[in-house]
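Have a look at the structure below, then the notes.
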Amino acid sequence: MSTVTSSTEPGAMPNVAAGLSGLSRGRSVTNSVMTVVVYAAFLLALVPLAWILWTVLSRGYTLLLDQNWWLTSQRGITPRRVGGGAYHAILGTLVQAAVCALIAVPIAVFTAIYLVEYGRGKLARAVSFMVDILTGIPSIVAALFIYAVWVTTFGLQRVGFAVSLALVMLMIPVVVRSTEEMLKLVPNELREASYALGVPKWKTIARIVIPTALSGIITGVLLGLARVMGETAPLLILGPYSASINTSLVDGPMAALPTMIKDNFGQALQPATDRLWASALTLILLVLLLNGAGRVVARFSAVR
Amino acid sequence: MTSITGHSEADAGPSGDMAATGRVGDRVFSGLATGSGVFVVTLIGLVAAFLLAQAVPSLMDNKAGFLTSREWQVSAGDLRFGIADLLWVTVISSIIAMAIAVPIAIGVALFLTQYAPRRLARPFASLIDLLAAVPSIVYGIWGYFVLRDFVQPVQRFVESALGWFPLFAPLTVSGTIFLASIVLAIMILPIITAISREVFDQTPAAHKEAALALGATRWEMVRTAVLPFGKPGVISASMLGLGRALGETIAVTLLLSVTRGAFSWSAFAGGETFASRIANGSSEFDTPLKTGAYIAAGLVLFLLTFAVNAVARIVIERRKAFSE
Amino acid sequence: MAQRIDVKDLNVYYGSFKAVEDVSMSIEPRTVTAFIGPSGCGKSTFLRTLNRMHEVIAGGRVEGTVALNGRDLYSKDIDPVAVRRTVGMVFQRPNPFPTMSIFDNVAAGLRLNGVKTKAVLAEAVERSLKGANLWNEVKDRLDKPGAGLSGGQQQRLCIARAIAVEPQVLLMDEPCSALDPISTLAIEDLIDEIKQQYTIVIVTHNMQQAARVSDRTAFFNLAATGKPGRLIEMGDTAKIFSNPTEKATEDYISGRFG
């Protein structure tokens, strides 16, 4: 109290200066401690990332340097033997993901168009809510659902296409949300400019709104693809592993990278363990490649 | 050239008949959009309906209490299965994961939005996002082959210090719930961080400046302006992380030692979650009754995650209502 | 080309809110008509009803008639899309399509309405850009993005885009409010030139601008916040600005409120 009163008098400068240095020790210590804690949290979070990437890279890279890894399958190769490649699994993962995208992207983009351009009232709220629920649905539940439809109800075999269907359920919400965000960023003025030229609504969406948001939509698709490629649970339920190349989605078991990892996991033999890490590295590279591509697309052509 | 009726003078002006086709196009387009939306809603309904329809026959035949039994006997003729231990392992592993992940995620989100140099915040955030890009099976094998050996000494220490408490009772299991929880924590960390970061970033500059202008330190500004503003967002982010942890399959399947018949309340026990029980059983889906038992477990997991995600959503909605 | 507009007893609603009440007016062909009035008086809303753009906003609807050369724009057999092709619009902020080049921007209306012939498009683009006094500035970079132009050039690009579909009426909603004085002057000169061919209606906040560019002026006002806007007075610009009939008009013009 006395500082306040005396500082109003002329010639009381020293007291003012004292006031400026008056941050209590306790407060400044708390501040410093919390700063350290916050920095430490970030560094701590980086530890597993670096650790995992290093583990997989250092244990898996040798096989990837051999061109056979990229060109041959595991056909006829026992866990005891070295050799063979991951071509069959890479192929399976890419084909299943591509078919998944072919089905999921149109549904997801139109759902996002519905939410942004058409949706009003109860149905729109229900759709938005269900997209959130779909985001949170465990992949094993999605797989069980497809199993219940595909195998139990229709009596079909466990094949690559069934895996793709389960992946569709996991990809739709990712693409809906990213597309929705992008469509919302398209300025309303562009829509109005198009309407004022006498362009119907659907053409305005198809020719003005979608192209403006396209890069963001592509980013969403790439990130969605990266997510579904790493999914293992649908493969456990619907996509038994095969050591041979199978290009058919509707006939016979089809390998995928996650199941190739799983297949080598149970074997305590060195050749299998080497393949375990090599296939894990291959999967990570594929996923990171898609992620990176998505980020590059997003960076280069954001909505202006 | 002077009429505006697109119908009567079809070639008046530049392509005058567009009005008619425009209407057809509009109908088709809005039909596709609405249809896709309805499809998504229906899909969730179908999931519930199909799972329920195929779980019911097995549940009817079940000779044990579904919610109370710890048995899992699904061979033909003599169905005795219950989810009591699955529920416990699923919930406790996720809760321990949350207890580890949430504080760190808040710290990381604060670092990225309030502490990190502006220029570096974005690349740093992408690094954390990379954690979410790592496939869960990779977490599983890393946890199994690498992390396990580092976690065991920690477990020994906690056992010797707090072993009297049932949750920390010592057991000789290699793949423990505790190990799975740590890996789950790492897996949900980027999810919780991403959403928390977003809400912290939206703290109105006016709130922060008001705190700073009162002479608050950086931490006091965070505590008085950023954290209260972001609290609902952090809660719903945590719920989303919880939902993810509850349903995580392959990492948990690889990490947890299956110890049927030896139930313990300890976090240093093995066991199975809903998801890992289904994954472990996926090779024996041969008869509909047997599969139905697993589908019943899947249905419970679906309801559990549905509830958790719905709560997360409601919390977010409430916050929106306040900030608008 | 240019056509007259007759509005009779028009009420405009957004949902249950009545935004504009009881407007009747005639807009002559080959003239510039300016709408002036304080913020929220409904002049922009009313402008949008002249090409049914208010329907783009949820809940927008009207009572009354708007007739273009005697045809009611709101009669059942009229498609709003066709109306907008006949009655073009330029907006407050320049809004060229960001994914399109200068050429594509001007050609957008024609292309989206189904014109595909290259020669026809090229001819229309050149004519429209010349009409918008932009041709000389951009003729060497027609393939560059429209968003790369300056604000004033962008707005003239939007005018070119609007006139490329050969509308009969051109509505302008505060077309200069986002522009600097030199760009504004260029747009005003342009309005003066193109009024030979079009019926132009311009909403402006700037009374000097209304006095400079328009032949006729309509003054809108509202009794109080939350009340609908009304047309207070309409007449030759010279008369409105020198000797208005209504006290409210005089107060507004002399700067006593608004």
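So that you can tell them apart, the chains are marked A, B and C in the order they are listed, and the count of residues begins at 1 in each.
The criterion applied here is as follows: a contact is a pair of C-beta atoms (placed from the backbone, for glycine too) under 8 Å apart; a residue touches a chain by one contact, two chains touch by 3 or more.
Please read these numbers as outputs of a predicted model, since none were measured by experiment.
Chemist: Could you find the two chains linked by the most C-beta contact pairs?
Modeler: Most contacting pair of chains: A-B.
Chemist: Please identify the chain with the largest separation between its CA centroid and the CA centroid of chain C.
Modeler: Max centre-to-centre separation from chain C belongs to B.
Chemist: Just to be sure I understand: the centre of a chain is the mean of its C-alpha atoms, right? Then which chain's centre is nearest the mean of all of them?
Modeler: A
Chemist: Centroid of chain B to centroid of chain C, CA atoms only: how many Å?
Modeler: About 52 Å separates the centre of chain B from that of chain C.
Chemist: Which integer distance in Å separates the CA centroid of chain A from that of chain B?
Modeler: Spacing between the chain centres: roughly 13 Å.
Chemist: Whole-Å distance, chain A centre to chain C centre, using C-alpha means?
Modeler: Distance between chain centres: 46 Å.
Chemist: Chain C: which residues touch two or more other chains?
Modeler: Each of 81-83, 85-86, 109, 113, 165 in chain C touches at least two other chains.
Chemist: Return the residues of chain A touching two or more other chains; collapse runs of consecutive numbers into ranges.
Modeler: 198, 200, 203
Chemist: Among the residues of chain B, pick out those that touch two or more other chains and give their numbers.
Modeler: 18-19, 22-23
Chemist: What does chain A use to touch chain C in their complex?
Modeler: That would be residues 120, 187, 189-200, 203-204, 207-208, 211-212, 214, 303-304 of chain A.
Chemist: In the complex, go through chain A and note every residue touching chain B.
Modeler: So the residues of chain A touching chain B come out as 23, 27-28, 30-31, 34-35, 37-42, 44-46, 48-49, 51-52, 55-56, 106-108, 110-111, 113-115, 117-119, 123-124, 126-127, 129-142, 144-145, 147-149, 151-153, 169, 172, 176, 198, 200-203, 205-206, 226, 229-233, 236-237, 258, 261-262, 265, 276-277, 280, 283-284, 287-288, 291, 295.
Chemist: In their complex, what parts of chain C are in touch with chain A?
Modeler: On the chain C side, the touching residues are 51, 53, 56, 58, 81-86, 88-89, 91, 93, 95, 97-99, 108-109, 112-113, 147, 158, 161-162, 165.
Chemist: Which of the residues in chain B come into contact with chain A in the complex?
Modeler: Chain B reaches chain A through residues 18-19, 22-23, 25-26, 28-30, 32-41, 43-44, 46-47, 50-51, 53-54, 103-108, 110-112, 114-116, 124, 126-128, 130-131, 133-139, 141-142, 144-146, 186, 189, 193, 215, 217-220, 222, 240, 243-244, 246-250, 254, 275, 278-279, 282, 285, 288, 291, 294-295, 298, 301-302, 305-306, 308-310, 312-313.
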